[in-house]
Amino acid sequence: MSDNLNLLIESSPQIKQSGSTASVMWAVTICLLPAGIWGVWVFGIRVLGVLFASIIAAVIAEAAMAYLVKKNTIQDGSAVLTGLLIGFNMPPSVPYYIPVVASVFAIVIVKWTFGGLGGNFMNPALAGRVFVFFSWTGPMTKWTMPAVLTRIDAVTTASPLGAVKSGLLEYTGSADGPARFLSEAGYPHSVMDTGITSWLNSNFGFSLSDGYVDMFVGNIPGSIGEVSVLLLLLGSIYLFIRKIITWEIPVSYIAVFGLLIWIFGGTRFSDGSYFNGDVLFHLFTGGLFLGALYMATDMVTSPLTSKGMLIYGAGAGLLTFLIRIYGSFPEGVSLAIILMNIFVPMIDQYTKPKRFGIETKKVVK
Amino acid sequence: MLKEFTKGLIKENPVFIIVLGLCPALGVSTKVINSLGMGAGVIFVLLGSNIFVSLLKDFIPDKVRIPAYIVIIASFVTIVEMVMEAFIPALYDSLGVFVPLIVVNCIILGRAEAFANKNTIKASILDALGMGIGFTLALILIALIREVFGLGTITLFPIGSFSGVIEIPGLVDSPVRVFGLAAGALLVMGFLKALFTWIEDIRRVK
Amino acid sequence: MKEVVKTGGKLAVICAVAAIALGVVNAVTEPKIAAARAARLEEALSELSVGLNIGQYVESDNQNGINGYYPLSDAGNVDAYIVDVTGAGYAGDLGLLTTISLEGEVLAAALMEDSETPGLGKEAENASYMKMYIGTGKDSVIPSSKSHLNPADADAITGASITFVGIGKALNEAADFVGQIGGM
Amino acid sequence: MKGLKTFKMGGVHPPGKKYLSENKPIKNAVISNLSVVALSQQLGSPSECIVKPGDEVREGMLIGKSTGFISANIHSPVPGTVKEISDIYLANGMTSRAVVIEMEGEFDRLGKEESKTSWDNLSSKELIEIIDSSGIVGLGGATFPANVKFSLPKGKKAEYLVINGVECEPYLTADHHLMIEKSDQIIEGIKIIASIIKPEKLAIGIEANKPDAIEVMKEAALRADLSLDVVGLEVKYPQGDEKQLLKAITNREVPSGALPIEIGCVVSNVGTVHAIYEAVVLGKPLIERVVTVSGGAIKNPQNLKVRIGTPISSLIEECGGFTEKPVKVVVGGPMMGFTIYDLDTPVTKGTSGVLALTSKEVKGAAQTACISCGRCIAACPMGLNPTTLFKYIDHTDYDSAESIGLMDCKECGSCGYVCLARIPLVQGMRLGKGMLRAKKVKA
Amino acid sequence: MSYIGIIITFVFINNFILTQFLGLCPFIGVSKDVESAVGMGFAVTFVMAMASIASWIIYHYVLVPLDIVFLQTISFILVIAALVQLVELVIQKISPALYKALGIFLPLITTNCAVLGIALINVRNDYNALESFIAGIAAGLGFLLAILLMSTIRAKLDSEWIPKPFRGIPIAFVTGGLMALAFMAFDNALLNNLLG
Amino acid sequence: MVFIKIFYAFISVTLMGGILGIGLAIAARLLVVKKDERVNALEEILPGANCGACGFPGCSGYAEGIVNEDADINLCSPGGPAVLAKIAEIMGKEAVSSGEKIVAQVHCRGNRDTSVYTYNYKGIEDCNAMYSMFGGDKDCKYSCLARGSCIKVCPVDAISRDEKNRIWVNKNLCISCEKCVDVCPTGAMQMIPYSADAIVACNSLDKGGKVKKYCSVGCIGCKICEKKSPEGGFVVENFLATINYDMKGDRSGAMDSCPAKCIIAADTAELTIPEVEETQKVNE
């Protein structure tokens, strides 16, 4: 009877929850796609080339490394995801060699020298991005105006954060916040934006200045995948439902960052007072949502326990705030996250779960 | 006897195998010329200190061994410093604080402690030359990689009409700048060390 | 106790010999170093002097990074100043010498000391980097923001805007300073 | 349902799958011709064989004698002749000596009227002796000798007697049906145990997915005038582990490395309680138990009352065989059970279920690298860090693993169940513990 | 520069290890486990603070008045060597466990570029006595931070399957390189803007 | 002027050196901690593999053990007689040589081609983990399970797997620490003398008939080796041939005539390893 059954011998548990590493990676990839498609839509078809360049380079690098160590890791989807995230973090006009170098750096140096998926302590996509950012700062800070705003071909411009940052260096005017500041500097807005803003202002009694809707929807210059906060949020809903990402990191990240911006973000403007920072502006620009939802939550490089995740998210929020408001880089999300990656092993050491039956007082007598 | 000389080149290369003298190895290796200058300085100091330590090994009391060696080393370093500043000020500037820091280059004290105070002058000289040249070669290797990728150039001595700078087409316009920075130095060092470990492993199995 | 003194003594002897040796070497090299330094300053100043006569260095207690200046004169009249000014760079201070005419025009400038990133801000050490400042100040602003530049120049300084802004601001300070003392 | 108790930390919710055998009353299984009675069926040292090939044995006759402090007696499940004494593999993968008995002759008990004896006048010592001689071990799966458990250490007092009717393992319904069908016997069994250890409070924990059992037990307790606290518990695995059960019912934590008596509690499984009833009242040694035969590949899942030593193949046959080729055949529950490859492996005292699982149920996949998702940490009811433990063990660093609580792991399988990378975490823990034990023996 | 500025500079912006390449030998050598890394970090911090003070005194009360500044290297290193040996003897006496853990690296503090480095950098930056002292402590704390982070990461890496040629020192360098990449976020602009 | 400067330099540095020298000398005397020089000396000569074969935590632990706890001096198997002699010299004890260097070798060459497997295993690649599940997936419970636990514990990477999934020890790299022997659950890993020319590559104690059923290269206890190489030290006990290596006679007769071909030249095992690597390279 037993001879032909060829039964499997395995250790308990004999049943498993569905889901796998690969399914997680592919789910994240798919949830990112709408934002990527938006990027192609607003920045032109060339962006597709950038995305493909980074993904293909990442996959080829992964295949080469997997071949070297005789493992089959392509189908786990992590290389595609890394490549896609690198593409998302590139300016639309970036020369193709930059995403390729970033992908190869990410896969070969950040991931495989540490033994492949799971071994790395730093988010490969972000490390790759930071590597090329410091190597080719020029092309990496050259932005393209979305087609909707120019109604013609792609035009080089500054990103909103970049414009605010370099503009403030010599600013003597009286704008009370970045959005107003940009409007003053003649930053364009789409028809939809002015329409929706005035509708909101008249119907709900807000006093929003123009531009926020553009920022939320993604009609602003920026990295390919980061501009559309709306689509990034929509994509993340599925990930929250599937529990691929948990609330701790995004919430603590965004909350701490937003709070700090609200308190100190306005001090760089003319009236220099506290508690009037433009939180929405900073949340909707500079890849904050891409970072907080998709990159800081990378399981490999984030803490294990929910307490640790809260600390990690808060730290990332603080660092993003510091770098963005005071540092020499306009956005700061990627640097903040890889800095926090360094702290993760330490956070993990100090946020272990309470063990059952340890330090319990004896009840009897 | 020749072994004392050759061992420093590869088998006991101070940078890649013994992993000493890292700070200058990484700090100055942004350009090949700097590596050459640093290497020359180290060879000179190493030679001097090895000779004197070897000479004085019976005179120096054990308890103040380290301070005594350091005084000897520091003297030679200061000489290098002054001579370099006087005669090749450009190089002195680009090496910066790393010239006085030759004093604390672990290689020099390490050789004094591990070799010169146990061996004859002749062996110590050979050891110093071998280690010094090994160190210099290692520095040049690191600098070559970092400069080619990080700046797209190879900077050597200007001789006659040759300005001393070789430009690598393609890279010189948009070099991978991180190679020239701290992060690049550490990464390059890590990969070179891995390469040497790998070679060593293959040799050992054979 | 004798042992102790002997130990200390031996170390002292080594130190003494070392000190004497160093003293001797120093005696040889010190003048050379001084000469070399002077020569370099001389060379820099002569390039900055735009053909005028260099006057005596005057120290300044101005707070805006101005360390001092050399008046430049032609036939007795002060026409311009070489200002020794310190600006804030990406990594540490920027030591600049700049020649500013009485009208506030930047005639020449040189970055003497810096610790900028090689390949980025360090490019400012090249004489060609300063070209974009030279000639400004009289009819146009001395550029301290990318918006002041034409697009081609702006591309050249991308990635090192902190150095660029630092230099620009320092030159502006220098020009302001010349404006203040110009009337003297 | 409101007011359900449960433990706080960790836990998972695997699909229950109890419906497969939930409505099947306990049925006496066909007795197989050949019984293979293993001699190490209990936790602790194996029993000593006191028969030899050719010997005649009777139903319920002692054939294996308890050795040492933690051990148990073993009785012949059937009348017959001893064919041979051989080495076999048990379902847990370990070797054991076993007595092979060929059925022959007349049954002493089967089909006969059972006479009840009164136990009112027996002292606790005498009761423990009966339990000992009847070879009763914990039937929840741990197979800890019951007589040892009820002999309280000096100076320890049992405040609580908690009966474990949780049966949190998916698929299994044996205890569930035992409670429904034998509630009065179980209540009497509880009384017997209570008279031995004299606890202040009595409680029975039953998961909320067995509302009928809760109801029946409440009624039975009322009938017998026993102040038994029937506690409904939230459905969460591993609610049936004694540490989690005590946490839920008494809110006390068993200290690391200690037994429940440390916090004044004694826990016993309903199956064990029933066996004690049979031993004390009916004078019947432990020679049969209820086994759930279930799983997607079983044609007709059932709860069977099975003689110890019956080959598993005969149970499967009785349940109609396979509907499709199973991927694995599991002895015990799916979370903590063992796979077997030889279907002639015999039923032992600890066999609570036999499951033939299809690939759809198993959800097997290839192992990939750990991506530190932290799910195992969230799932661990003991507050351990399974991924780090596993990494240490993988690097043969067993001492580091011990320092972060390896020995607290009870292999409940929660971590392995949730692991995205399909890392055999539990196997790692087992390996680590085994290596540590081996090292200690050596030292 | 304000004292806060000095601290931020030496801990984050000009972190001795991650941007200045000073003190790499112990950084790589003693970062294998967290406890000895912390021990080494504090030892280095202590020595650096002491060395800063001692070298300041020597420089301003001996070398400058006598116009023998060219002897700064030799005199600084002498003081440091003596200081380290004293610390070594004291640790050996009061905490043999720490002494054992730090092993051969205690004498190496003498040749730790970071210690001489801070003395020389203090002189170059024209710091006064208090500034020198604070710079010494801050640079030591920067070292401590880097080596502590490094050791926690390496403890994690110990339980990963690093490719064989990379195990040990090479992966430490690569890790350090990636840390340095991240630390590039901290720059002078950050400091200047933060402190106004 | 120059001379005054040199004089100042002379005075100040000499004073500094002198004071520091004396201070250190005094401090060294006050704070002296006695450390046995012999520990350092021993640490230097021990191989530094930190393999733990001596039972102490690493080489420095053993060095202290010898000096402070009077541990036996012949515990360092990696060092061999050379190190033993040096330790003896330092400690002033007599060296009792532990004999010839012994090395580990796998006494099984069954694999998928030759042996019967009973089940499909899924789980940790570790022999002990697998052994706890029905003694491994081979029908033969004495065989090498080939899950590589020995490879994992070997401190010097002397053990490798060939292309047919068999495991061999390179005797030239082996340092006799016996960690692999300790970790092997089936006992297929055994120590043999370095000079051994042949091994019986089987560990099965099952009867010949049973072995034949599940393995084509298993020793069936036929005793042909005893007859063919009477001087070779072959002994068949419990249906398994073993070699008494004290006998130095010719073993080629047994090697040639073993019907199961399980008596193999000890060198062939490790010789196959480079060959294997060659073929792998060709494949790549």
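Note that the chains take the letters A, B, C, D, E and F in the order they are written out, and that residue 1 is the start of every chain.
We take it that a residue touches a chain if its C-beta (ideal position, glycine included) is under 8 Å from a C-beta of that chain, and two chains touch if they have at least 3 such contacts.
Note that this is a predicted model, so its numbers are computed, not measured.
Colleague: Common contacts of chain A and chain D?
Modeller: Under the touch definition, chain A and chain D have E, F as mutual neighbours.
Colleague: I need the chain pair with the most C-beta contacts, please.
Modeller: A-D
Colleague: Based on CA centres, what chain would you say lies at the far end from chain B?
Modeller: Ranked by distance of C-alpha centres from chain B, the top chain is D.
Colleague: Roughly how far is chain D from chain E, centre to centre by C-alpha average, rounded to an integer in Å?
Modeller: The mean C-alpha positions of chain D and chain E differ by 60 Å.
Colleague: Taking the mean of the CA coordinates per chain, how far is chain D from chain F in Å?
Modeller: The answer is 43 Å.
Colleague: Return the distance between the CA-based centres of chain B and chain C, expressed in whole Å.
Modeller: A distance of 31 Å separates the two centres.
Colleague: Could you state the distance in Å from the CA-based centre of chain B to that of chain D?
Modeller: Going by mean C-alpha positions, chain B sits 69 Å from chain D.
Colleague: Among all residues of chain E, which ones touch two or more of the remaining chains?
Modeller: In chain E, 68, 70-71, 74, 78, 81-82, 85, 160, 166, 171, 174-175, 178, 181, 183-184, 187, 189 touch at least two other chains.
Colleague: Quick check on chain C: which residues sit in contact with 2+ other chains?
Modeller: 7-8, 10-11, 14-15, 18-19, 22-23, 26, 30, 90, 120, 162
Colleague: Enumerate the residues of chain A that touch no fewer than two other chains.
Modeller: 7-11, 109, 113, 118-119, 131, 134, 136-137, 328
Colleague: Where on chain A does chain D make contact in their complex?
Modeller: Spelled out, the residues of chain A in touch with chain D are 1-2, 5, 7-24, 73, 76, 116-119, 299-306, 352-358, 360, 362-364.
Colleague: In their complex, what parts of chain E are in touch with chain B?
Modeller: 18-25, 28-29, 70-74, 77-78, 81-82, 85, 107-108, 110-113, 115-117, 120-121, 124, 164-166, 168-178, 180-181, 183-184
Colleague: So in the complex, which bits of chain D are touching chain A?
Modeller: Touching chain A from chain D are residues 9, 12, 14-15, 156-157, 159, 170, 243, 247, 252-258, 262-264, 313, 325-330, 332, 334-344, 355, 357, 361-365, 368-374, 377-378, 380-385, 387, 404-405, 408, 411, 413-414, 416-422, 424, 426-427, 430.
Colleague: Spell out the residues on chain F that touch chain D in their complex, using ranges where they run on.
Modeller: Residues of chain F touching chain D: 118-120, 122-124, 126, 128-129, 132-135, 152-153.
Colleague: State the interface residues of chain E toward chain D in the complex, per the touch definition above.
Modeller: 158-160
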